[in-house]
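The letters A, B, C and D name the chains in turn, as written, and every chain counts its residues from 1.
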Amino acid sequence: MLEIVIFILFAAVAVIAGLAILVSTNIVRMAYWLIAMLISVAGLYFLMGAYFLGVIQILVYVGGVAVLLVFGVMLTSRQMAPKLRPGRVEALWLTVVAAVLLSGLILSVVRVRWEPGAVVAGNSVAEIGRSLLGEFLGPFELVSVLLLVAMLGAAYLARPKTPVQGAQQRKGTTAL
Amino acid sequence: MMTPSEIVELLKQHDAASVVSAVADGPYPHVVLKPEKLVAAAGFLKTEPRLQFDLLRCISAIDWPARNIVEVAYDLISTSFGHAFAVKVELDRADPQVESVGGIWPAAQWHEREAFDLMGVMFLHHPDLRRILMPEDWPGHPLRKDYQDVVEYGGLKFNP
Amino acid sequence: MKEIELQCQPDLLYDGEIPSDVRTEELMLNMGPQHPSTHGVLRVVLQTDGELVLKATPYIGYLHRCAEKIAEKVTYRQFTPYTDRLDYLAAMNNNLGFALAVEKLGGIEVPPRADYLRVIFAELNRIGSHLMATGSYGLDMGAFTPLVYCFREREWIMDLFESASGARLTYSYITIGGVREDLPDGWVQRCREFLDYFEPKITEYNNLLSYNHIFINRTGNVGVCPADLAVAYGGTGPCLRGSGLAWDLRKATPYCRYNEFDFDIPVGRGQNGAVGDCWDRYFVRILEMVQSVRIVRQALDKLTDGPVQTKVPRIVKLPAGEVYYEVENPRGQLGFHLVSDGGTSAYRLKIRGPSFCNLSVLPVLAPNCLLADISALLGSIDIVMGEVDR
Amino acid sequence: MYTYERPKVEYKGLSLTIVRLATKWGAIGIPLLLRFAWGVFFAAVVAVVAFVWIVGRFINPLLPWFIRDVVVVVGLLAFVCIVAIIGIWGERKVSGRIQSRLGPMRTGHWHGWAQSLADGLKFVQKEDLIPRDADQPLFRLAPYVALVPAFCAYLALPFGVGWVFRSADVSLLFVLAMLAIEVLGVIMAGWASNSKWSLYGAMREGCQLVSYEIPMGLSLLAAVVATGSVNLIELGEVQSGGWFSWLIFQNPFLFLAFFTYYIASLASCKRSPFDLPEGESELVAGFHTEYSGFRFVMFFFAEYVAMFAVSALATIIFLGGWHSPIGGPSSPLWFVLKSTFLVWVQMWVRWTLPRIRIDQVMHACVKYLLPFTLLLFLGSSLWQLYDNPAHPAFKTFAHLLHYGLGCVGLLLLGLYFTGMGYGYYNRNRLVGQMARKHLPGA
């Protein structure tokens, strides 16, 4: 009984926060709604007994990714907010894309046969560790390579390309 | 180390026409220069190897309504020799104008702003001649002898 | 003219290249007039790019109390208390400067005991002022404890001053013609006790703050002010000596029998970076305290019996004429340009505040510093707004 | 005459309600409370201790989980408040003694013990100011976002075996995750204040926390590798039996990992020398510049609660947790003592060192701390690989080193206590002439 109440609580928060991301026009508020959603989803994980997943969700997404996101967004001008309303053409395109994605999601949910899985009791961390370094070693390494590539790409993009004007000026030679 | 009379001699050798009068003894040895010759003389005072007045200590503006002039005094000292000297110019009280020496001694910039602020001396070719101590929109120049006390400023009324 | 390369933050200066498609907006930051590290009501408008300061424009005048105008209204003796309020951390030195200017113009001779007393009090106040500068510089750098230690020692100096002059901050002790009163009983002994106690404390400050690794990293190579830049902008006192130029009015044009004393002029030597960085300016103050202790010891030894004042009328009348007199204040050269028309009050008194000139170099030094370096710079210049705005 | 007309403002809000109630009742209650301050304090302490002890010992097996949970959470809340209150008072006393002052001496008569309580009461009475141009909802929310996760960390923090709200397999990660959320509150406060100083504080906080989380986690992982568990209770339990079995002396990598963790934890708590987000000489007050009254207190609370939390984590993982250093019976008291010691060291550091500049903070992390902790992690893993019966020579070497490290630790502690004794013995000489006259017992 209690579990259902808590589930509804978390789920409601997640859904409301998700909708709020869409409705909100203030970009920083959006980021904070996203964080609220991530935390409530983590709560759902906890409810399901997937402690490790829940904790990692908070640690990585909330503590890391979301902080960076807020950090980046925070530095934008406060007058950005009205510009975030999409134009008509954009809205049309976005609707189409969203519809395709949603139908794909619904299809996959409907077509998969959901069976009550075996609940992993005991030390879930050890289990996850074993399967990551055993059964799923290949994909795991692939993901890490992907991350490495992404990091290198980011470094490449942030690499200085052209000399900036006024760099010499900035260095500040002062004639007396 | 040079005595004031030697400095006056050097200045006269450099450009005798620029010197209006000179006081080489007493507590305040100085020369009075023609305003239009000030910058040239200042450059000489700074660069002449025997003088090297590299430290501009102070610029004071003095209002003399009786003589109808505003004096601007430049107090100099040399960190190489330790001798001190002063240069003065006398400006028309109604429209005091003199060339800025900020190009020779950057220290002059703030002193000149202060002299402009409090005494109303215009320094030509000063890079940034704004009021420095008083607010931007303050009426008048407070250290003039005929300055009238401000009665109201920015909605505030002052008691006499 | 020589070109001076400013070298703030060499590792942060972007040498040449940043991506052309990355555009950042510059932020105008209003530092002060109410800010913990502007040492008073200084307002600096900073143009920043992230943490990097591109331009700093000081705005002063928030503490303008019309001292020069007041000087034209009051008699010479009445103006002495106003000099206390110029550089309120070194009131003795201000009294001294004004008294000397008036005495020079009026041709007033001072008895020897008064001269030695003036030296003692001026140097003690220099120690007090430098203690304040050292402590608050630690505070600017985020170390709170040195401030309290410095105040602990300054308290003793204040007690000494209080017993001699009756005041703890605005003394008006050094007046025209000598000093106001003779010393109370046992003062010399207590002063010696203080010197014996104080001298080893300087080593403690060095161990706690000066040689602290973080402190050196924060201040070394920051705000480098070469000697010719300092001279050009009228920098004097520790700001000039920190740049490596041994220029001290007490040696160059001795007043008050300073030529009888044996002391050195400490200069910045660039031990932790370039010559003339914040650390050098800071450390010169520490070294000057040592020299001041030396001077006070010698002056205490030479202190002779005799009068402490010459007979000067209550309302001083000076002959018509003018004089420009400078003394070495803790912050630099304090100058009084005194013009008299023969009356009982000054016809015009222009005060050259050392902080005023030292501060004018800030817009040159600030570009390419970090935001945190601005407080390092301001603290190392050690301004007192009472003197900047007058 | 110029007259200033004060704009008419309707004051409202929870704080004001509290103030109204407090002023109504406080007129009677506070004098009473102050008169019996001693008694009230001891009664509170005794009550809390007895309460927690009874709950831990007897109620636990008897009552349903739900009631037990409520009781324990209330107990934890009380503990956290006491930690914060004593922490704030302690900080002032410690700073006072370090600076040859006395710190608060009046309030509550005995060494100013009630100073934080009085301050808290004052803060509650302050007007709850919100800048007109601030982002109101976020501005109001931010202090809670800072304080609540810091408290949540205690839910998984064991004070001993059985002395924990929830013993999860992933409790270490849970505590870290909760400490990581705290930064969101700070950033939120900085942005919502709509002040440039606050924004700078928030930016610095964001940079610093995200960077230092990595060396902090890596140092802890080095210990996790050595024990093979992320459960804090298991991590604590492997260290029973005297201080030689503490993880810090297990191998040289863990010995160093303790210090890297401690440095990183200073950064993550915004403690000096990493107190840039609120560095008052640069950023006025940083992210909480615009905060006043009770909301400010919540930030203050969050800081001290987090301080104790990171110290507690260091205690459990490196310093033997609730186990006695001399092999006696283990008890939560040991845990609290050791954590308090680490908190004290944080204060000591704060009142000694200047503040680092932001670029130096980032350099220290990315260029030194991060590679170093990676090496420690690697070294600890390799050590674990070879420290088994298959490599008898290494095992002997490891044992020798293990005891050697223990001796080093003992030496450090001995040096510390010697220094303390020296300082106490020479206290008159060290505090200086002026302060000496005013010290108690002078």
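Criterion: a contact is a pair of C-beta atoms (placed from the backbone, for glycine too) under 8 Å apart; a residue touches a chain by one contact, two chains touch by 3 or more.
These numbers come from a predicted model, not from an experiment.
S.K.: If you take the chains that touch chain A and keep only those that also touch chain C, what is left?
M.R.: Output, common partners of chain A and chain C: D.
S.K.: Which chain is most remote from chain B in terms of Cα centres?
M.R.: A
S.K.: Between chain B and chain D, tell me the centre distance in angstrom, where each centre is the average of that chain's C-alpha atoms.
M.R.: So the centre of chain B lies 61 Å away from the centre of chain D.
S.K.: So the centre of each chain is just the mean of its C-alpha atoms; given that, what is the distance between chain B and chain C in Å?
M.R.: Those two chain centres are 24 Å apart.
S.K.: Using mean CA coordinates as chain centres, what's the chain C-chain D distance in Å?
M.R.: Chain centres of chain C and chain D, defined by C-alpha means, are spaced 41 Å apart.
S.K.: Just the number, please: Cα centre separation of chain A and chain D in whole Å.
M.R.: 30
S.K.: Multi-chain contacts in chain A: which residues touch at least two other chains?
M.R.: 176
S.K.: If a residue has to touch 2 or more other chains to count, which residues of chain C qualify?
M.R.: In chain C, 228, 232, 364 touch at least two other chains.
S.K.: Quick check on chain B: which residues sit in contact with 2+ other chains?
M.R.: Counting only residues that touch two or more other chains, chain B contributes 106.
S.K.: Using the touch definition up top, name the residues of chain B that touch chain C in the complex.
M.R.: For chain B paired with chain C, touching residues are 26-28, 54-58, 60-63, 73, 75, 77, 79, 82, 84, 86, 105-107, 109-111, 118, 131-135, 142-143.
S.K.: Taking the complex as given, what residues does chain A use to touch chain D?
M.R.: So the residues of chain A in touch with chain D come to 26, 28-29, 32, 35, 39, 51-52, 55-56, 58-59, 62-64, 66-68, 70-71, 74-75, 78, 122-125.
S.K.: Which residues, counting only chain C, touch chain D once they are in their complex?
M.R.: Counting only chain C, the residues touching chain D are 9, 11-12, 27, 29-30, 35-37, 51, 138-145, 148-149, 152-153, 155-156, 197, 201, 208-209, 212, 214-215, 217-218, 370-375.
S.K.: Can you check the complex and tell me which residues of chain D touch chain A?
M.R.: 135, 138, 168-170, 173-174, 176-178, 180-181, 183-184, 187-188, 190-191, 194, 199, 202-203, 206-207, 209-210, 213, 230-231
S.K.: Considering the complex alone, what residue numbers of chain C touch chain B?
M.R.: Result: residues 60-61, 64, 66, 68-69, 104-105, 228, 231-234, 236, 240, 245, 247, 252-253, 321-324, 326, 333, 335, 337, 339, 347-348, 350, 352, 356-357, 360, 364, 389-390 of chain C touch chain B.
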